[in-house]
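Only one structure is covered here, and it is reproduced in the block below.
Order of writing sets the chain letters: A, B and C. Residues in each chain are counted from 1.
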Amino acid sequence: MLIYIYIIAITAEAMSGALAAGRRNMDLFGVALIAFLTALGGGTVRDMLLGNYPVTWTQHPPYIYLTISAGLATMLVARFMQKLHRFFLILDAMGLIAFTIIGCNVALRLDYQTPVVIMAGMTTGIFGGILRDIMCNRTPQVLRHELYASVSMVVAILYLVLMRLGVSDDINTLVSFCLGLALRLSAIYWKWSLPTFSYSPNRWED
Amino acid sequence: MLIYIYIIAITAEAMSGALAAGRRNMDLFGVALIAFLTALGGGTVRDMLLGNYPVTWTQHPPYIYLTISAGLATMLVARFMQKLHRFFLILDAMGLIAFTIIGCNVALRLDYQTPVVIMAGMTTGIFGGILRDIMCNRTPQVLRHELYASVSMVVAILYLVLMRLGVSDDINTLVSFCLGLALRLSAIYWKWSLPTFSYSPNRWED
Amino acid sequence: MLIYIYIIAITAEAMSGALAAGRRNMDLFGVALIAFLTALGGGTVRDMLLGNYPVTWTQHPPYIYLTISAGLATMLVARFMQKLHRFFLILDAMGLIAFTIIGCNVALRLDYQTPVVIMAGMTTGIFGGILRDIMCNRTPQVLRHELYASVSMVVAILYLVLMRLGVSDDINTLVSFCLGLALRLSAIYWKWSLPTFSYSPNRWED
């Protein structure tokens, strides 16, 4: 199941990357690169961080074609996408959670300790969006918006707890996925957010 | 031949990095770091992505000295460089193509699949400039200007096609290099560019 | 000794990261991530660059908890921190130097050549701050301010010279640390800085 959601998710992430590139008036190539990085960048950073070589997408060229095609196709359909805004938020939420569970599994396979497993899940979930924002020269949105990274963390912890409790992997994935999705969609709907920290120094200069 | 072009290319790239640092009023050290990253950053990202350890420049200290010296020397000669603008565009084009061919060869040696080989070539060609722009806090230029990354892609594909056709490596390198250079210089001269994608949403907020 | 200074240093760096996040109005999670990256990002980049897997902090979860806690605690005490500005500059200077010496040792253990050892030390010392600034969408401060990266370079070179002269590691660490700290604090006190390079082109466009 996770693999289908993953494919939907990288498509949705690629389209979100393409739109961000469009806001910076990038050319065809820029759109393709940002789409690719948004969709597959999180897993790439995770693999490089964990020393998990070869990096996953280098062994699966179809993912490369899919994300680049989705990015370029977005240029044609962008005008209709605002109407589909809510639909995309749901795809994006599914992607966040699928990425998180996949990332945890990669770190588990490499025998990393629990906090690293959680961070590997979160890295997979959110770093694509962070790379997209760095490439587009804006402050990463995932660090400022309503519950997003936190959902990734909750899903990773839940998944590990259920695993320790001996829940079978299929049921664990299903439960973690559904609860995570419910949490993320609730956060969007009721605009839940974490407290923010605002600091305006007079002279701190480091 | 490629090695001489490579040395000219990293020098030219280091100088372009130094000028970008100068526009941000960086100090001596900032100039040296940006020069180094612009010249050798593309290959570094490629090596880290492919798991090609040790990273190339760590085994060739002269490249480190050369790029840092070129960056610092640029501070002295910057005032004369505007007159040499066209000359530098040619060096930069030569660098782009030499980097691309070298990057393809690294990935081929590690037995990566064709699309990854093309991406390794392009990463080597363009990521130095992307790192330079990220460090200088501006939107990467290579994603917005006239044919640049596309030239890198065309060269990588041409090089691989000729290789499959059994063309000897020397002739292949020469042909790919000359056609790539002609394409890039034509793009500059006639201002060829890819279509750009402009997107100004009202409410898309992800 | 170095390990205690290291622990103080990552705490101080995490707090500096949290303050930078606060200036961008980030949420709890953003603060935690930037704190973590500022404190441990330099060592992470070094390990990824040198192929030193597994990355150090993945084997030491307490460092993860410490930096994230320090970042979050900063949100509570930020209002008092401006008064402690000078105290923090001293902690930050200690961190810069401890990071540098630790980074050199990692590269030495992996048998890298001297210039790479120096660069590994500097990467550990300054890249946390660079990542913090990239994530907060500002031009890296370490490339523009008074002697900072240069202190890291001087410490790395001094440490290697004393090592070649056969000085025992304990004494070497102590001497390098004290001289480095004196240099950095002098640079802050007397506002020593490197010459900067300002370049305002009319038409250079690469």
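Keep this in mind: contacts are C-beta pairs under 8 Å (C-beta built on N, C-alpha and C of every residue); 3 or more make two chains touch, one makes a residue touch a chain.
Not measured: the values here are computed from a predicted model.
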Inter-copy rotation, chain A to chain B, in degrees (Cα atoms; steps of 5): 120
Fraction-based call for chain C against chain B, same above half, different below: different
Rounded Å distance, chain B centre to chain C centre (Cα mean): 29
Numbers and ranges of chain B residues touching at least 2 other chains: 48, 51, 134, 137
Residue ranges of chain A in contact with chain C within the complex: 48-51, 112-116, 119, 130, 134, 137-140, 142-145, 149-150, 153, 193-204, 206
In the complex, chain B residues that touch chain C: 16, 18-19, 21-31, 33-34, 44, 48, 51, 53-55, 58-59, 61, 64-65, 75, 78, 81-82, 85, 88-89, 92, 134-137, 141
